[in-house]
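Below is one structure, written out as structure tokens, with a few remarks after it.
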Amino acid sequence: MDWPTIISILAATLRFATPLLLACLAGLYSERAGVFDIGLEGKMLFAAFFAAAVAAVTGNMWLGLLAGLGASLSTAMVQGVAAITLKGNQIIAGVAINMLAVGLTTFLGQSWFRQGGRTPPLPQGGRFLPIQLPFAAEIGQIPYIGPLYANVLSGHSIFVYLAFLAVPITAYVLYRTRFGLRLRAVGENPKAVDTAGIAVNLMRYKAVVVTGLLCGLAGAYFSIAQGSGFGNNMTAGKGYIALAALIFAKWKPYPAMFACLLFGFLDALQIRLQGVAMPVIGQVPVQAIQALPYVLTVILLAGFIGKAVGPKAGGVPYTKER
Amino acid sequence: DPGLIYDLGGKFDKSFNEAAYNGAERWKAATGGNYLDFEITDGAQREQALRRMVSQGANPIVVMSFNWGSVLPVLADEYPDVKFVVIDSVVEKPNVRSVVFDEHTGSFLVGALAALKSETGKYGFVGGMDVPLIHKFYCGYAQGVKAVRADAEVYENYTGTTPDAWNNPTVAGELAKAAYDRGAEVVFAAAGGSGLGVIQAAQDNNKFAIGVDSNQNHIAPGFVLTSMEKRVDVAVETAFTDGPDLETGLQVLGLAENGVGYSVDDNNRSLLTDEMIAQVEDYKAKIIAGEITVHNYETDSQCPL
Amino acid sequence: MGGTSSIPRWADIVLLPLLNLILAFLISGLVVLMIGENPLMAYYAIFYGAFGSGDGLGYTLYYATNFVFTGLAVAIAAHAGLFNIGAEGQAYVAGLGAILVALALDQTSVFLVVPLAILGAAAFGGMWAAIPGWLQAKRGSHIVITTIMFNFIASAAMIYVLNRFLKPAGSNGLESRVLDQTAWMPQLRLFMPGFGFSPVNLSIVLALLLLVGFYILVWHTKFGFALRTMGKNPLASRYAGMSNVKLIVITMAISGGLAGMMAINQVLGLNHRLVENFVAGAGFVGIAVALMGRNHPVGIALAALLFGVLYQGGSEMQFVMPNVNKEVVSVVQALVILFTGAMEGLFRPSLERLFAGWGGSGKAEAIARTTAGSES
Amino acid sequence: MQRPSGAAAANPPAIELKGINKHFGPVHANRDIDLVVERGTVHGIVGENGAGKSTLMSILYGFYTADSGDILVNGLVQKITDSRHALGLGIGMVHQHFMLVDNFTVLENVILGAEGRFRIAPALHKARAALKALAAEYKLDVDPDAIIEEISVGQQQRVEILKALYRGADILILDEPTGVLTPEEADDLFRVLRTLREQGKTVILITHKLREIMAITDNVSVMRQGAMVRTLKTADTSPGELAELMVGRRVLLQVEKQPSLPGKPMLEVKKLTVNDDRKVARVKDISLTVRAGEIVGIAGVAGNGQSELLECIAGMRDPVSGEIRLAGDKISLRGDDGGRKARLAGLAHVPEDRQRMGLVTSFEAWENSILGYEYTEQFGRGPFLDIKAARAHAEERIKTFDVRPPNPRLKTANFSGGNQQKIVLARELGQDPDVLIVGQPTRGVDIGAIEFIHKQIIAMRDAGKAILLVSVELDEIRSLSDRILVMFDGRIVGEADPAKATENELGLMMAGIAATGGETR
């Protein structure tokens, strides 16, 4: 593989990793607080749809983003009520949210835009465009390292930079602040938190809010930054991959980033390897390459991290009365 | 009145089914007549939907896609006095008209046009799913490219393996971008809804895409080199116009019948020089005249290049 | 779910789900209203479409058959404390097992093909589920994730197989050749013309048998006992010396096999050939069915029927009300899952208060509890 | 934190409870309880399992809220709505089950809920200093940076106490604090409590061990079935009287038993080495023998490898090396079905932690009464389960072991701790094994049940079974065992004759010769 190819793979890696990372961190907050969330997928899809819908109609990307955040947030709240207040089964809540998202987005899209659930392509100003970092052009001239800056680091939409900024922030919040301390405690031993005089469910709701917002960013990225407009079920299972990444990272911020970069890289690779003759094996069937990310995920989960024990109180609604 | 049954993917798939819908709508506008239509959501509904149409007295009934192989023959026998039209597949029954298109020749022309437009010798193709029909597109396209540049390279890509593949602009876009990064300047999308991602990518990277099925030049004027039109709309419209006593049998719509072709309108005219068009028209004539034979993947599931 | 409730069993199993179901339908009604259609019309269309005609009923039962299979698949795993999201892929792969047998033997006799095809499907589906099971048991990789991954892998693999091996050269559909009549699962209309042209076939008998078998397996065998022990408390099953690894792998194999039966209904019963993506989401519906059915055969049968109604009635609704598009149905389904599965806490408290008011049930426990308090 | 000065003059009781009632669904856990706790005293509370002690204290601590009744703190009526409020009033509680976050450091646990502002760094700083001071004042030192799950139970309890003191508690509630402590650790604790009392702080102590009540409390209240039976001056009462008040009948506080007549070796363990889940060696090259008709007791501080030893002999944990012989012949219990292999070999196992291992609490009693034996023909031919037979079996077991209530269809979670333990014992003894290994048979069980359980174990011995007993309750070890082995850091560090060995001889051995106090593990 030549250098330019590698460059373009790396750039694609960042683009693919971004929604994963945002969703993964989203999951980190609620799961560290003891609320399992299979519904990342659904929240992203809702966000993607409403972001695109509003951006398409108003032609204003910021309004679009706002709508996306709102949609994801309110979905998260529904999930929160089910999982925290009503003490329902958290996994079911997630599954239901995902199904609802697929159905409702297409349904609304169809009845609003009559394009089979798609939104129209976004007009000028409806979409977050790539940002050129300073001197990208100039530095780009430098052989080898230049392209790394100009084509890999530079030239992404704001979401990409936000996602990676969110990692140190999350680590800081999680390990250095009162909120983080209580968050981790509530996911490990809510009773201890309760006896320390802290409201357990309130803490969990706070976590779920953060989750909602991050999922909102992730979803909006799909439809008003990376793409231009919403396509049915356009998150295509990325929420589940993000979940895998979270488990893979043992629910920790920096590891989460690396996991997402890895999965993003696998996707980028998948795309570059299609139709390329492999060194030894020669032409590989395209399906084998398309399945590659999933196969490798399985292998990694099985091979490297072994038993991943999540937050102890994960998935269990908190009740005083036993 | 006539009836129309869309296939999986739905009325508004921005390509195949939507073309049929446009045809029906045009007929409606022209004649002021009415028609029944239905979107199936899973295979089990085919027979059900078709019988429903019959029982509601629809005639003729147009069904889309190659998935009717097992259902249609049976029902055709059951209802000898109803006329059926199946598009994209061949059913030999006295009361069935089978309409198939020479996607390969149409694709050949856009391939040639791509090769004439771009000198890089690298060309992209993004298919929805790795299925025979899409291979037919690819194979014709590649032949067209190579007719102009024998040494050219064509990157063959597919969006996915689940039904999402026809609706995943994100991945399709990335596939196109990959092709552009590898030096291609033109990417032909035969991927239903995913194709929009390719066109978007062309716009973002200031390169060219080639649309499919219906004329997609307008989606991003100046970035869609042309569209490989497959006039499903025409097929549907004529079927509706012919009415209950349409003559049945096999109908192959090729270049001669304008069943397939490349679209030129003021959205893309500026991208094409007269020489290019002349050159392509020449190929077209030769193919019609039989001086050039474009291999059809479907005949032997092979693509000799 | 639930926790220790003080409401009578019947209320827990019948009344609560019913209330939630009603709520789910009310909200779906709002969705229908949003597009300016009359919900009552829609409900009627669904109901009439599902039961109004022999064909309709036949289709309802045909869909229900699928969902019984996938529902049982999810339920058996759930009893072992495993969440199998992979029924979709397992059924898909099982289709391969079924078709291979059928293609090889479709010249012989239905009495040979069908049983062997069932075994083939069970074997392939079971295998596809056993691998994630093994990975969970031995390597501790999260079964939820692995089964999801296996769904994706399954669809890639199946496309490949269909393309390269099963598709007759020159045909342009992504499907195997049509099977010879002898390999078809006999359809009920042969015996009961009332079912008109509907595809409901003998698979439904298989479904009924498996429902009974499921009940016996889970509650009347030693394996079932071990299964439930591990599901409730894995440490206890290890203490009892029931091999958890074996339990997990076997349970998942059974689960996958059950999911695989759905392929019989589709491949031998409906399409008479292997079609790309013939599972079409039935695997995920199975999750809902199992949840709503409280992992009990009776509940599963009822839930499967409900979803059968939603499917068949839903497609009829599209004929009657062209503006109500297909997604409405999936919205209704999702809401049903949400309310019956995850929001059952909504009415429980008020019900508990209600029944506590009547005194009634709680007493037995109360006495038990307080006497339990004191030994002597 | 400081009490109202006006009240201070009148010197009212630290705590006064009036007519407290609390229901849990159908359960009436507290019935109009009145209680007065004088300032500067140590006040004991005793009562059977489920008598309502923890509930009452949880109400006082604001963890539960009473259905009715008043709470007076330092003479003022307080509506204590949550734990924060209680802490504000200077009430601290050390719960029966520790309220610590296992993967946090000691410091993080101490500041949890008292972190101050947005960043926790300052709070951590402050707490570090404070812990130093407290350590000096009460000789309560723990490594502030240690991870909770890596320190001994005794240390964890210190953390709990430090948590309370750090928050400036001057009324300290301890719920069964000594259940898991060695004598040394217990003495340490009492020393701390006395210091607290001297400083005028008030202590409420819940325990099942009357010896401790007599040793340190000034007053003692007895609860039974949710009601307050009586409050007495400790000086004017006796263990016997208290026991009678608790249970409502006379109880024998000392089991009487004939000297044992050991037969041939039944259980032989040779050079056994066992790892824990973290692959750390916890049992190091241990050899021991248990003869027919004798009870061998293993004394030791919790966490010195007893659990791993038991689990290994019971087939739940594969040994790294060494062998196990039953009735002379070598057996292999490897594989994750070792538990069954052990049972087949005639070895029964009463696990240390009934709730976590021995039972499926959501099962009905009859299901638990066949757990581990469900595969035997007696409960159904071939693959099938004979539910009738199983229920009949359960009926019989429940009768012989006097499980209350005698209802095989009752959900196991609804039996009290003591009765749950009886269900396990009934099951394991019921299969008439040759060898019985028992872990913590009476942990958290009240004297009424203890008496019964001890009788049963002795009866097994007299029936010629070989019994290996592990318990952190020295009294229990001493009163039941015919021989005592002391385990420390995975090794047998000594053997003793229960008749002769004194408590602190054993205590020293348990602490490891070189060890200081109860710290080492």
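Quick notes on this one:
Labels A, B, C and D are assigned to the chains in the order they are written; within every chain, residues are numbered from 1.
Throughout what follows, a residue touches a chain if its C-beta (ideal position, glycine included) is under 8 Å from a C-beta of that chain, and two chains touch if they have at least 3 such contacts.
This one's a predicted model, so the numbers in the text were calculated from it and none came from an experiment.
Look at the CA centroids: the one farthest from the centroid of chain A belongs to D.
Between the CA-based centres of chain B and chain C the separation comes to 37 Å, rounded to the whole angstrom.
Centre-to-centre separation of chain C and chain D, using mean CA positions: 45 Å.
Inter-chain spacing, taken between the CA centroids of chain A and chain C, is 29 Å. Residue positions of chain A touching 2 or more other chains, listed in rising order: 110, 117, 237, 287, 290-291, 322. Taken residue by residue, chain C touches two or more other chains at 4, 152, 156, 159-160, 163, 325, 329, whereas all remaining positions touch fewer.
In chain B, the residues that reach two or more other chains under the touch definition are 10, 130, 161.
Chains touching one another, given as pairs, are A-B, A-C, A-D, B-C, C-D. Within the complex, the chain C residues that touch chain A are 1, 3-4, 31, 34-35, 83, 85, 135, 139-142, 144-146, 148-150, 152-153, 156-157, 159-160, 163-164, 284, 287-288, 291, 323, 325, 327-331, 333-335, 337-338, 341-346. Every residue of chain D that touches chain C in the complex is listed here, in rising order: 25-28, 48-51, 224-226, 247-249, 314-316, 335-343, 349, 351, 356-363, 367, 370-372, 374-375, 379-380, 383-385, 387, 404-405, 407, 410-411, 413-416, 418-419, 446, 448-449, 452.
Considering their complex, residues 24-25, 61-64, 82-87, 93, 95, 99-104, 108-109, 111-121, 123, 413 of chain D touch chain A. Residues 55, 59, 62-63, 152, 155-156, 158-160, 163, 167, 169-175, 178, 197, 199, 270-273, 275-278, 280-281, 315, 318-319, 322, 325-326, 329 of chain C are the ones that touch chain B when the two sit in their complex. The touching residues of chain B, counted against chain A in their complex, run 10-14, 18, 130, 155-158, 160-161, 164, 167-171, 173-175, 177-178, 181-182, 193-194, 196-197, 200, 219-220.
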